[in-house]
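Working notes for the structure below.
Just so it is clear, A, B, C and D label the chains in written order, and each chain counts residues from 1 on its own.
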Amino acid sequence: MRVESYNTLAEAARAMGPDAVFMAGGTLVMRDVNAGTSAGRVVRSADPALTEIRATGDGFSLGSGVTMARVLAHRDLAFLAPVARAVGGPQVRNMATIGGNIFAHHPYGDFAVALLALGARVVLAGQGGAKPLDDLLRERGRSGGTSPIVASIEVPRPRDPRAFGFVKVSRIKPKGVSVMSIAVNLPRDGGRMRGARVAFGAMGPAPLRASAVERVLEGQSLDAATIARAAQLASDGLDPPTDALASAWYRREVAGTHLRRLLEKMERG
Amino acid sequence: MAMHRGRGFASINYPIGMNLGGDPSQALVHSNPDGKFTVALSSIDLGQGMKSVTRQIAAETLGIPVADVYVDTADSDTGPHCMGSFASRGTHRVGNAVIQAAQEARAVMLEAAAEELEVDASDLVTDGRGNIHVKGAPSRSITTMAACQAAQFKQGRTVSGRGIFLIPLSEVDPETGEMTPVSCFAHAAMLVEVEVDDETGEVSVLDMQSAYELGRALNPKLVEQQLIGGAWMGMSHVLWETTEPYYPDRSHGPVDFNHYLMPGPGDLAPHHISVLERPAPDGPFGGKGPGEMCANPVLPAVANAVYDAVGVRIDELPITPEKVLRGIRANGGARPKMRLARAR
Amino acid sequence: MIEFRKEFFANERDDNLNEIGKPTRRQDILGHVTGRSPYFDDHLFEGLLHIRCVRSPHHHARIRRIDISAAEKMPGVVRVLLGKDVPLNLNTLLSLLDFGLDDEPVLSETKVAYKGEPVAAIIAESEAQARAAVKMVKVEWEVLPHVLDVEDALKPGAPVVCDVYPTNRFIYHGKFDHQKLRYGDVEEAFNRADHIVEGRYQMSPIEQAPMETCGAIAAPEVNDRFVCFTSTQGLFFSLGTAAKLLTMPSSRLHFVGGTVGGGFGGKVDSMHEPLAILGAMLTGRPCKYAWDREEEMQVGAPRGAERWYIKDGITRDGRIIARKFTGYFDSGAYTRLSSYAIIKGVGHLPGPYTIPNVYADVFCVYTNRTPATAMRGFGITGVDFAIEAHMDKVAETVGMNPIDLRILNSYRDGDMKAHRRLAKNCALVECCQVVAEKGGVALSAESRSATSLTGGGGERARLPARTATDQAGAVSGFKGGNYARKGGGASGPQPVAMPVAAPAPAYANSPQRPAAPAYQPAATAPPAASPPTPPADTARHGALRFSSLSGFRRR
Amino acid sequence: MAKKPVTFMLNGSERAAFAEEGLNLLEFLRRAVGDLSPKYGCGQGTCGACTVIIDGETHLSCLTMAEAVQGRKVETASGLANGKVHPLQEAFMEHFAAQCGYCTPGMLMSAKVLLDHNPSPSRAEVIEAISGNLCRCTGYEPIIDAILATANTRRLA
C-alpha cells in the first residue's frame, strides 16, 4: 500500500486510477487501510480549495473536504445542521467530509441523501462544469474504472427553510447508523408544491429519489390526504437491503410511516 | 399513530460461585517493615473492582486503614493460584481467602504488639486507624507500624499470612440431577415501564424500579456501579444485542459497533435501585456477588412490559422493532393489557 | 438513584465496621483516569512480531491441502504455523477440571466446523504484513453439509459437527446424552392441574463486547522461560491451558495480567496465550496475538443461544405444582464451557420458586457455528428470561397480579429445592415487596405479610414421595470418571483436603429420604487449611489440573 | 516499507518519530512515540477508545493517518494531568465513572473538548458529546454525572 500526497487537486486527479482511492477525512478509507482491504494506492491532497465554503448566487459551493463539524458551525448552513448532526459522533463529525459521504455505502451516507433532495450538483476535479449528484450516485454503484474526485458540491439554498425536512431513523440514540434516512425538499408556489424532491437513504444501493412520492406531491398542497397518498407509495421503486439493523421487509413497512411523520411535522411548521 | 405504555415485572435469584464448588482461590498477605501491607493475588480485575474490594476486606480483617493496604495482582510468579474471575466467584471466594490470610497476618502482628506491650495478645484490639491497644485501655497502645517493625527487626517474625478458600467439589447424580449447587444466592426483582410505538414497533424503556439483595454491600459505590451497568446490559440484551440477527441463519452477523447494537447514552432510563442486604453465612463479611445477576431481571421484565403495552408476546430475543411490528400486525393492532397499573 | 434498605435483615448484620460498607474509591482509579493502567497491550517490546490467523470461509469443510509457500515468501513473514506445529493440538477448556473430552484443535488440520475456525497462523514483522500474508495461504476445501439449528442437529442423519461427539450431544457423566433433573412426578401433577401453560423461548447469541479485545503478548524471558501478558479472566486457567497445549511445565511460564479492559465472560477461553507463546518459542522473539474487533464479534465465542420449552401445571389458586423443561444449549462447533453452563442452569431450576414436581432434559448441542462460552449470567440469564416470561403467562392464565404470583410461589428458608438441598438465606419475597411498593402495585394481604423467613420448611422441606426416573438418552462407550478428590497434576497446586460434603450418588426414589447435609461454611472465615493429601499422580501433558469434576473418558 | 518522519506537539512537547506508510495515529502514538493512553477498541472508528484531541478538536486516532499530524498539536489523556489531576479526572474518580477503565482516556478527551467549548452543558449536550465513545461497563450514568459535576464545580469556583 502506498500513500501519495499532492499539493493540488488537479495533480491528485491525474494520479487517480483503478488501483487508487482518494482519502479525505479518513473515516471510510482508513478503516480499510487498517483492515488491509484498501486499494493499493491512497491518494491525498492538501489543496486549500477542498475546504472552502463560498456563497454563490442561489446557494453555496462547498469544498468536498468540508467536514460535518464545519457545516454545523457555519451560520448560513443552518438548514443543513440537522443533517450534519445526524452523522456519527463528535469525533466522526470532526473528520468526515461531505465528499466522502457521497461515496459512503450503507449504512453511512446520510448527508448525501439530503444533498440529493436539495438537488445538489457536483464538480469533479480535473473536469469542467457541474453535474447532478443524481448522476454521480447512479454511476457510483457501477464497479470498475477510476473513481472520480469530487472537488466541490453546489448546494442550492432552499428558498424557504421550512421547505426542507430531514429525518434519520436509527436504533441507537443519539449516535446510531441508519435504518433509513429521508430528506424532502418541497418548494412551494402559491401553496402548491413545485419541483418536489424526496430522497431515501438505506433503501437501496445508494441514496435514491422516491419518484412515485414526488409525483404524488407535485402540484398539490401539503394536506392530510396528500401526505397519506405519499406515505402509501413511500417505498415504491426502492430496493431496501436486509442487514443487522433491519430487514428489507421492515424497512419497506415503516418507510411510509416515517415519511408521513416527517411531512406532518413540516406541515405543522 | 399511537404510543402505548406498559409495565412488566420479573424476579430472580442467582447462584454465587462455580456451580459445584471445587474452585479454590488463594491469597498471601505480608507487611512491609513500616506496617503497610501487600495482598498478593493472581485474581483478575476486569473492572468489577476485585483489587478494591479485596483491599477493603484485608484492611477490615487486619484492623488497619484501607490506605495501608495495596493489592497486587496478577502475576503467576508472585500471586498464588486463583481459579479466575467468573461465575460471580471473585468477591465470595477470593474475599474469603483474603480474610484467612489477613487473619493469620493479624495474629502475628498482635503477638508482636503483645510482646512489646508485655500483655497477652488476646487482650489486644485494633482501632482501624493504625493503632493496637489493650482492650478497654486505649492509652496502652502501640502503632501497627511499631508492631510490624518490632516483629521484623527485633523479634524475627514475618508478619504474613496465607489463605485459601475452597468449597469442595460436589457431584451430580446423573439420573435425578441431585447436586449441591453453590452455597449462597443473590436476589432481585424488577419493574420496568416501556413505551411501544405501534406503527414502527420501536420500544423505549422509560423507567426501572428494582430491588437487589446481594448480601452485605462491601462497598456501596462498587455495588452501585455493578447494578447500574448491569441493568443497562440487561436492557441492551433484551432490546438490541445479538451476534446473529437472523439466528439460526448466520448471515448479517455484525462486525463493528455500528452494527452490533447496544443502547447509547441517549437510550438510558431512570433506574431506581433499592439494595437489601441479607448477609451470606459463608460470604466474606456476608458479601455475595452482584456482578452477574444484575442484568438478568431486566430481560424478562421488558418482554413482559411489551406484552402489557401492546399485547404482543416476544419470546425470542432480542425484541426488535420488526418482531414487535409483526406481532401487532398479526393481532390486528395493539391490544394493551395494563395488568400492572399503578394503584390509585 | 440508589437507596440502601437497611431495615431488612438488620439483625443478621453488624453494620459498624471500619472499612466494610464504606464507599472507598477504587484502588485502580487513578491509573484509569490518567490512562496509565497497564493492560496487556501496554507492554512494549523491541522487535514485536504479530500473529494473524487464516480462517475458514465455510461453516463445515474438510481440509484437503494447505499451501503456505506463497505466504512464506511475503514481505515481513517470519514463520507460518500449522496444526502440526502445536505440541498438543487438541483441548477442551474444562480438561483442567477433568470435565469432558478434548475436542478442539488450536489450528485445525483435518476439518473445520465453523466459519472463522483457524487453520494456520502467520507471524510477521507488522500487523499489516501479517494481514497481507493471510490472504496468500491457499487452502483446498471440501465443503461439507452443515447444521445450524439445535433441534435439526439432533435429528437422525444430521451432519456430525464434532467427531468426538458423534450424536451432536455432549455426554453427561458418561451415562446420558443430556443432563437430567427429576424431582417428583410432573406428569402425574399435570393430570390434576387446573391449568397447563406452555411456552417456547429463544435466547439469542450475544457478544461480551469488552472494549478491549482479547489478546496476549508472549516473549522469551531469561532462564529459558516465557513471559505472557494477557487479557485473561483466569490467570492460572490460561496458564494451565498453555502448559497443556505446549507440553511445558508451568514453572517455565510467567503469566502477567490482572488489569483487563472488560471481560464479561469472553476472556476465559485462553485462545491467545498458547499461540503467542508458541510463536515466541519458534521465533525466539516477542509475539502478539490479539483479535481485531471483527474477530472479537464473529470468531470470539459468544454467550450461546439457548432454546427452552417450559410446561407448567397450576392450580386454580395460582400454585405451580409442576414444571417441565426441555432445553437446548447451542454450543457451536466445540464444547468450551456450554456443558458446564447446563449443569449450572439445571441446578438453578425451576427458578426461585418452590415447586413440588420438576423435570428437565437439557441438551448441550453441537452446531456449525462459533463455539459458545461464558458470559455474565452464565447458564442462568437465558433460562431466567424463559422462566420469568413464562411466569407472566401463568399470572395471566390464573388471573393474578404477576407480583402476587411470584410471592405465592416464592421459595422460603427451609424449603426443599429440586436439586434436593434445603433453601436458606432467601430474600426473593422482600425484593418483590419493595418493588411493588415503589411501583405503586397493590399486593394482596397475603403477599404483604409474607417473608422469606416464614412459611418455609415443614411439609415444604420434604422430598417428593416418589420420583419418576428413566433411562432415556442412555449412552454406552463412555465411562464416568471419578468426581471429587481426584487431585491435580504433578506440578500443580493441590486442592486442600476439606471435609467433602458430596454424598454418594443416590436414586431418590425412597420416600422420606432425608436431605443430604449441605456444606456448612464458616461464619466469616473458612477453617484453617489442613495439609494437603498428595493424590495419586494423574498428570498428563505436564498440565496443571486443579481438581476434577464429573470427568469421563472414552473407553 | 517507506517510513516518514513526523514532527508534532504532544501534550505541549515537541515529538518526532518515524511512521510506516499508512500507519494510523493510534499505533504511531502507542508504539513509535510511547504514549499508551489512547486505546485500541476497534480500528474501525466505531468505539471512540482511541479518541485524541488534534488542534482542539476530538479525532479518532485509529482513522487518522500518522503523517497527517505533522506540525499539529495532539493532546491525549496521559497529558491531562498537569502537575495535579484535571478536574474531570477528579470527578471521574469521585463519581466512580470507570470500571475497567479502558474507555476512560477517550471519554475524558471528549469531555474535555465539550467543557472547553461549553462550560455549562446540559445533560443532553453531555450525552451528545460522549455519543462517539462507547462504554460497556458503566451504563454511562456515572460518566454523565461526573462531567456535569465538573461543570458545576467550575462554575462555583
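Some notes on this structure:
Here is the rule we go by: contacts are C-beta pairs under 8 Å (C-beta built on N, C-alpha and C of every residue); 3 or more make two chains touch, one makes a residue touch a chain.
Every value quoted in this text rests on a predicted model; they were computed, and no experiment measured them.
When chain pairs are compared by contacting C-beta pairs, B-C ranks highest.
In this assembly, the chain whose C-alpha centre lies farthest from subunit C is A. Rounded to whole angstrom units, the spacing between the C-alpha centres of subunit C and subunit D is 36. Each chain gets one centre point, the mean of its Cα atoms, and the points for subunit A and subunit B are 47 Å apart. Mean C-alpha position of subunit A lies 29 Å from that of subunit D. Within subunit D, the positions touching two or more other chains are listed as 22, 42-44, 46-47, 96, 98-102, 127-128, 130-131, 134, 136-137. Across the assembly, subunit B contributes residues 46-47, 49, 221-222, 224, 228, 230, 233, 253-254, 256-258, 260, 262, 264-266, 271 that each touch 2 or more other chains.
In subunit C, the residues that touch at least two other chains are 25-26, 28, 128, 209-210, 259-264, 292-294. Chain contacts in this assembly form a complete graph, since each chain touches every other chain. For subunit D in complex with subunit A, the touching residues are 2, 21-22, 24, 43-45, 48, 51, 57-60, 62-65, 67-68, 110, 113, 127-133.
Those residues of subunit D whose C-beta lies close enough to touch subunit B in the complex are 42, 44, 46-47, 96, 98-102, 126-128, 130-131, 134, 136-144. Subunit B meets subunit D in the complex at residues 46-49, 221-222, 224-225, 228-233, 256-258, 262, 264-266, 268, 271. For subunit C in complex with subunit A, the residues that touch the partner chain are 128, 131-132, 135, 292, 294. If you check the complex, the residues on subunit C that touch subunit D are 25-26, 28-37, 39, 41-42, 44, 48, 75, 126, 128, 209-213, 259-264, 292-294.
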